[in-house]
Amino acid sequence: MIALLKRDLMLAIRAGGGFGLSLAFFLIFTTLVPFGVGPQTGVLATIAPGILWLGALLACLLSLDRIFQLDWEDGTLDLIATSPVPLEGLAAIKALAHWLTTGLPLVVAAPALGLLLNLPAAGYLWLIASLLLGTPALSAIGTFGAALTVGIKRGGLLLSLLVLPLYMPTLIFGALCVVRGAAGQEALTPLLLVAGITLGSLAILPFAAAAALRVNLR
Amino acid sequence: MTLRVVDLACARGPAQILAGVTFAVAPGEALILRGANGSGKTTLLRTLAGLTPPLAGEIITAPDAIAYAAHADGLKSQLSVGENLAFWAGVFGTKDTSAAIDAFHLGPLLDRRAGEMSAGQKRRLSLARLLVTGRPIWCLDEPTVSLDAENVARFAAAVTAHLGMGGSAIIATHIDLGLPMAQTLDITQFVAKRIRADDPFAEAMG
Amino acid sequence: MNSIWEYANPRKFMATSAFLLPWVAGLAAICLVVGLVWGFFFTPDDFRQGSTVKIIYIHVPAAIMAVNAWLMMLVTSLIWVIRRHHVSALAAKAAAPVGMVFTVIALATGAIWGQPMWGTWWEWDPRLTSFLILFLFYLGYMALWEAIENPDSAADLTSVLCLVGSVFAVISRYALLFWNQGLHQGATLSLDKEQNIANVFWYPLVIALCGFGFLFLALVLYRTQTEIRARRLKALIAQERMG
Amino acid sequence: MPDLGKYAVYVLSSYAVTLGLLAAIILASIWQARRVRARLEAVESRRDRGA
């Protein structure tokens, strides 16, 4: 299993696609907002939490279909399925690899982009905390979606349609936590709820993803 | 480790392809699967490997004994030969890959990217991967496709060595590999194409 | 009474549903006509909401049936996963578009009703928004069915999606309550039957609800028959192609 | 016809939308059923003739 993680990280670094793309998208998305919404810093400050969370969420979404697609095409998935590594383990490791290559960089980049949208000072701590706790859920749910649509040609659009409704609770609680944090209100409850959803997703979804993979490998 | 298959029925998607497949492969033996394209060779191999659940019949062998290799050899072009082998060693839990590297003279190629290798070299790497799995029974699907005569000979020698060490192999191929202990099984005799038995939509209804 | 697994075989289901369908359809028509006509013509206006209260006879039943349709799909998906009951998987596929239409009706009538009461066409109210999410779930579910070739794999994958989707739908439901306090009035048809709406409104509403329920049942039976014939068509074509 | 007062537009439009959508799903189901039944009969007759 560790070999799987090491290989995925090596591939992400070597192929260079993994890190760069999602971060670039997050940056572009955040810089586009003022062009659309207007430069008034007051407006930007109030919508900053939501925009940052949406940017992170969409950045995760973009890199989901690559989780299994490459391994599906070059036969690695078939070979791993016949190896002692259980598919549940494969799904969990793929989610972890996706989080490390996509989720974590977003958490690191978010505060810097918060400056662009002049997020109130009190919000930064909560932004980092909620993203840190929320993005693993985005990866786990995304891995499940990727497993569902791996066998479908051009399944990327369908993948987004399936996964976005599942992202709803994490987005709601995550953005709410930052909004309340930025306004100085009590933001611990939404943060704990984000963590709850993440733990639930990490516990259940690898099994659902493995079941979907088994069906697609049939 | 003998592999015994008793009255196996395999399906591809909604349709059953083969029925009543029965054979046994003792250690040191090789079985060549013959049959026209689409007659179910790949389906049979995937069922033996456990990817596709069989419709009926039994596959009697020790657990974790079968190593499956298809056309797509699961090699990452950005990774070097050594890294690819190390990865598969990690997945299958074998400690060192030196035996596999020497068996296919991959020593000089170790740090070359898999993407920069010829078809023959890639095939040698995918065979080395088979050795790394450390599993006695090889299920190979058209292993010699896109290989020139010299590499086919090298492949046959490798399989013979594997058989010599008590392994066995089931190979779907059209090319005569000249293996010593090879029996041939023409699976067209087992072809029984009809709707899957568990598909209740086959017979007429109101 | 032979067990429900007897209906795993499509022939038995086709025969029984052919027998049941006219009755269920008839009941649906009667209840709908009686419920809606009674509610529309013979009930007084509400002192506060005026005549818009008449929208209750379509908004509430549609909303209830939209949720029940998804629950039915969840149960049939479970039956498929556990017992490989082919007709059950097809019933889930058949019910999805009907459930989606009920959700759209609930959304549309909710929005129209909201206009005079809350002053805007669309109000991000938790209950109305949860129906928007339910609509997205239906869309995703149906899209997944269409995207997959092999019917058995499609049934397996959509069942997994339905199971996981249901968990997240419930979480979203409560996340929305957390996110925005509601304008929506309390439960209209709560079972403990304390008088939250006057009896004169209550009877036609229950009849209209039965009407919607029977209509859902009739549509699902009818569409499941079509799904079974479509599956048989696919099997025959596959057989022909095999030669 | 009851006097719907100033809300007539809303009440009537919501009933229209509902009945319209219900009619749509019913007609779509019937149309789809007919199409599948026709193609099935075609294939089955072809099969019986051929068999």
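Going in written order, the chains are labelled A, B, C and D, and every chain counts its residues from 1.
In the analysis below, contacts are C-beta pairs under 8 Å (C-beta built on N, C-alpha and C of every residue); 3 or more make two chains touch, one makes a residue touch a chain.
All values derive from a computational prediction rather than experimental measurement.
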item	value
Between A-C and B-C, the pair with more C-beta contacts	A-C
Chain nearest the overall Cα centroid	A
Maximum centroid distance from chain B, chain identifier (CA atoms)	D
Chain B and chain C: spacing of chain centres that average the CA atoms, whole Å	48
Approximate Å spacing (C-alpha centroids) for the pair chain A, chain D	41
Centre-to-centre distance between chain C and chain A (centres being mean Cα positions), rounded to whole Å	32
Chain B-chain D separation of Cα centroids, rounded to whole Å	52
For chain B, residues that touch 2 or more chains besides their own	204
In chain A, residues with contacts to at least two other chains	218
Chain D, residues touching no fewer than two other chains	44
All touching chain pairs, where touch follows the definition stated at the start	A-B, A-C, B-C, C-D
Contact set on chain C toward chain B in their complex	8-11, 14-15, 18, 84, 86, 149-152, 228, 231-232, 234-235, 238-239, 242-243
Residues of chain C that touch chain A when the two form their complex	133, 136-137, 139-140, 143-144, 147-148, 153, 156-157, 160-161, 163-165, 167-168, 171-172, 175-176, 178-179
Touch list for chain A against partner chain C, complex	144, 148-149, 151-152, 155, 158, 161-162, 164-166, 168-169, 172-173, 176, 190, 193, 197, 204-205, 208, 211-212, 215-216, 218
Complex contact set, residues of chain B against chain A	46, 49-53, 64, 66-76, 78-79, 83, 86-93, 129, 133
Touching residues (chain side chain D, partner chain C) in the complex	1-8, 10-11, 13-15, 17-18, 21-22, 24-26, 28-30, 32-33, 36-37, 39-40, 43-44, 46-47
